[in-house]
Amino acid sequence: MSAGALLSLRHLRKEYRAGQPVLKDITLDIDANGLTAIIGPSGTGKSTLIRCINRLVDPTSGEILFEGKDLAKLKGGALRAARRRVGMVFQEYNLVERLTVIENVLTGRLGYVPAWRAFLRKFPEADVTRAFDLIDAVGLNEEFATRRADKLSGGQRQRVGIARALMQEPALILADEPTSSLDPKTSVEIMELLAEVSANRHVPVVVNIHNVDLARRYATRIIGMTGGNVVYDGPPTGLTERDLAHIYGGEDFL
Amino acid sequence: MTDAAARAPRVWTRFSPTERIARSMLYILTAAAVVWSMKAVDIIPEFLYDAPEQTADLFRRMWPFDWSFYPKAVHDALIETFHIATLGTIMAIVLALPLSFLAARNFTSNPILNFIAQFIFVSSRSVNSLIWALLFVAIFGPGALSGVLSIAFRSIGFVGKLFGEALEEAQPGPIEALTAAGAPRSMILVKGYWPQVEPAFWSVALLRWDINIRESAVLGLVGAGGIGVALDAALNNLYWDQVGLILGVIFAVVIVTEVVTSTIRSRII
Amino acid sequence: MSAAEHRAARPDAFPANWTSRVAWIGLAVYTIYATSILDITWARFVTGLDNGAKFLARMFPPNMQADKLDLIATGMIESMQIAVLATFFGVLLSLPLGLAAARNLAPSWLAWSARGLIAIFRSFHPVIVSILFVKAVGFGALAGILALIVSSLGFVSKLFAEVVEEMNPKQVEAVRATGANFWNVLVMAVFPQVMARFVGLTVYQFDSNIRNSTMVGIVGGGGIGAPLFTAYQRFDYDVVLTILIIIIAIIMVAELVSGRIRRIFQ
């Protein structure tokens, strides 16, 4: 384990059905900067890996060391406190459709705001200001703030999703296939935004992605997975056709 | 970003001023209605202090049930209730089906016929089944006939409205195809509409039957037959152990009905 | 493979739906059987029609005497008040009960107990529940209100629990992932998804409570039901007609208004 690692996974294993592991003994360190792309064929456990980190999925065994704690062992309030430090961006955006953009962004503060304040929508002024700033920063503008989430296009929704994650002031952002529901042009824009977030805001981003070209273009590190194992871990420049063949199984597909 | 930071902090409120006024009005109106209605409750302290005692007394008198009463008066009344609910539902469907075709604007394009059918539905639903029962008991005398008719008349509007709406939601594609092929109107009905609305039809029929089982249990209170007659007699005689038995039987029947309807529903829909 | 065999292997293009046919035949046989059991005969029907004419003759014209109208107005107002209070408290209590009965939010022991309670509330007609409350708290509007609270709880909680179970779990998961606690998830992820439907149920229930509040008086639960039943038993059919006209008019207006309101919230 390198001293500078923000997140360390140790022997992480996940079985949805006993004896059929989706993740087999994953050990990884994620540094406190850069954009890490996890690539690999469908059903290889990429999504499970990401969801294990913030415990949307409970790992079967192993450790998730993050900011001095083992997330795999946390429960209740301690788990929620840890989740506040991890922002998450989803494939289908997962915005609360009937809330406005700014309300969705403000949900990023729910780990800090008591329920009665959320109910009356009396968020602290500093949070509201920050929410507006983030809406600007992800490339929307003030007019969008009071628009309902279900009135937005896919790309716009994903921008709101990223703003919501940033609103948590996270130490780490996880993105689970953030571009898979978007058209190619918007996918590029969203990846660009994530890369910018990791570079300018110094928040490390871990992203699952199908598209190898996008991963190569924006990632600072690529992790290739197949069959529940990590089979490539290194810079994008080092990713050869052979590696890809290994990851995706056979050369026919290339 | 610098540009945004330079500006004054932006405020966000959930509702526009008009929305806020409208909401406040709604809250005030609700509060006023509740306060005004409180006047209806003239609480007699003696009764209220007495309530826990009375409730306990009620259950003590009910239990144990008078099981011997079941074969004597409850069983036949229960069967009658079942028949009243079922026959009433069948009769309502028979009467409501043609009307619902008249009410569906995509099947019948004559607005006057649409209106007449709708009017019949609204009238049917506006009269509670107990009131229908009062009317039919006055006309046909006490007994199951009045019960069947009151269940049927109350249900026409329910079945007709929901089935008419299902008809209006039918996809026009297959119907246009049949019309284009020169099919006669009866054929369009059988092969165009019916396959599309059959699940909705059974769903509505089962739902109403389920409701009617509950409703038919009280019709006897006004003399329209069924288990309510036995309940009324037990109440008037203050035989609470018989009342308890009847309530227990009604509860059991309602639960069984619910299980049966949900099983059938999951099979055919 | 011969042609005949080939044909046999293929499924019939229009298979006879025997289950459906048997069901229809069974239904027809049942109808005849039950009709005979219940002694529903044409002769009775015809006699009835004759009675009906006499009955109608006694109903018209509706009785519009001032003292009768006063009595009716008092009863009708009390019915409305019963409906308002029963809806208000019934719906208020349905919110927690419905959430407790939703299997995707509540732990299963809580969900099943809540469902059991709802099943009990739903199984009895409000008039029967009134009978029990009249015994418990005495004659008057309070018994009717309590009875209608119970039936509102049964209906609204059941449907509200279904609405909550149908909500989109992804939206909830995303809010949970921010580290929000249960109450925050409820407020910002669950309520926004279900509140519009809840308001719709409330309006519907108010409508239904108005109908039932006119009936609970038959067994002593207050409202217009008592004067209606008394007039009926005294054969004052002209008064009955007046009351019926007023009830129906109010129910129709209520339905019109509630339909409008529900459309606004959809």
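We just call them A, B and C in the order they show up, numbering each chain from 1.
Here is the rule we go by: a contact is a pair of C-beta atoms (placed from the backbone, for glycine too) under 8 Å apart; a residue touches a chain by one contact, two chains touch by 3 or more.
Treat the numbers as computed from the prediction; the structure is a model and nothing was measured.
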Worksheet, complete the sentence: Touching both chain A and chain C we find B
Worksheet item: Looking at CA centres, what chain is most distant from chain C?
Response: A
Worksheet entry | B-C compared against A-B, more contacting pairs | B-C
Worksheet item: If you average the Cα atoms of chain A and of chain B to get two centres, how far apart are those centres in Å?
Response: 49
Item to complete: Return the distance between the CA-based centres of chain B and chain C, expressed in whole Å.
Response: 5
Worksheet, complete the sentence: For chain A, residue numbers touching 2 or more other chains are 103
Discussion item. Help me check something: in the complex, which residues belonging to chain B touch chain A?
Written reply: 1, 4-5, 9-12, 14
Worksheet item: For chain C, which residues are in contact with chain B within the complex?
Response: 27, 30-31, 34-35, 37-40, 44-45, 47-49, 51-52, 55, 77-78, 80-82, 84-85, 88, 119-120, 122-125, 127-128, 131-132, 135-138, 140-142, 145, 211-212, 214-215, 218-219, 222, 228-229, 232, 237, 240, 244, 247-248, 251-252, 255
Worksheet entry | Residues on chain C engaged by chain A in the complex (per definition of touch) | 168, 170-171, 173-181, 183-189, 192-193, 196
Worksheet entry | For the chain A and chain C complex, residues of the former touching the latter | 54, 56, 77, 80-88, 90, 92, 94-99, 103, 107-111, 113-115, 118-119, 161, 164, 168
Worksheet, complete the sentence: Counting only contacts in the complex, chain A reaches chain B at residues 102-103, 121, 125, 128-129, 131-133, 136-137, 142, 145-146
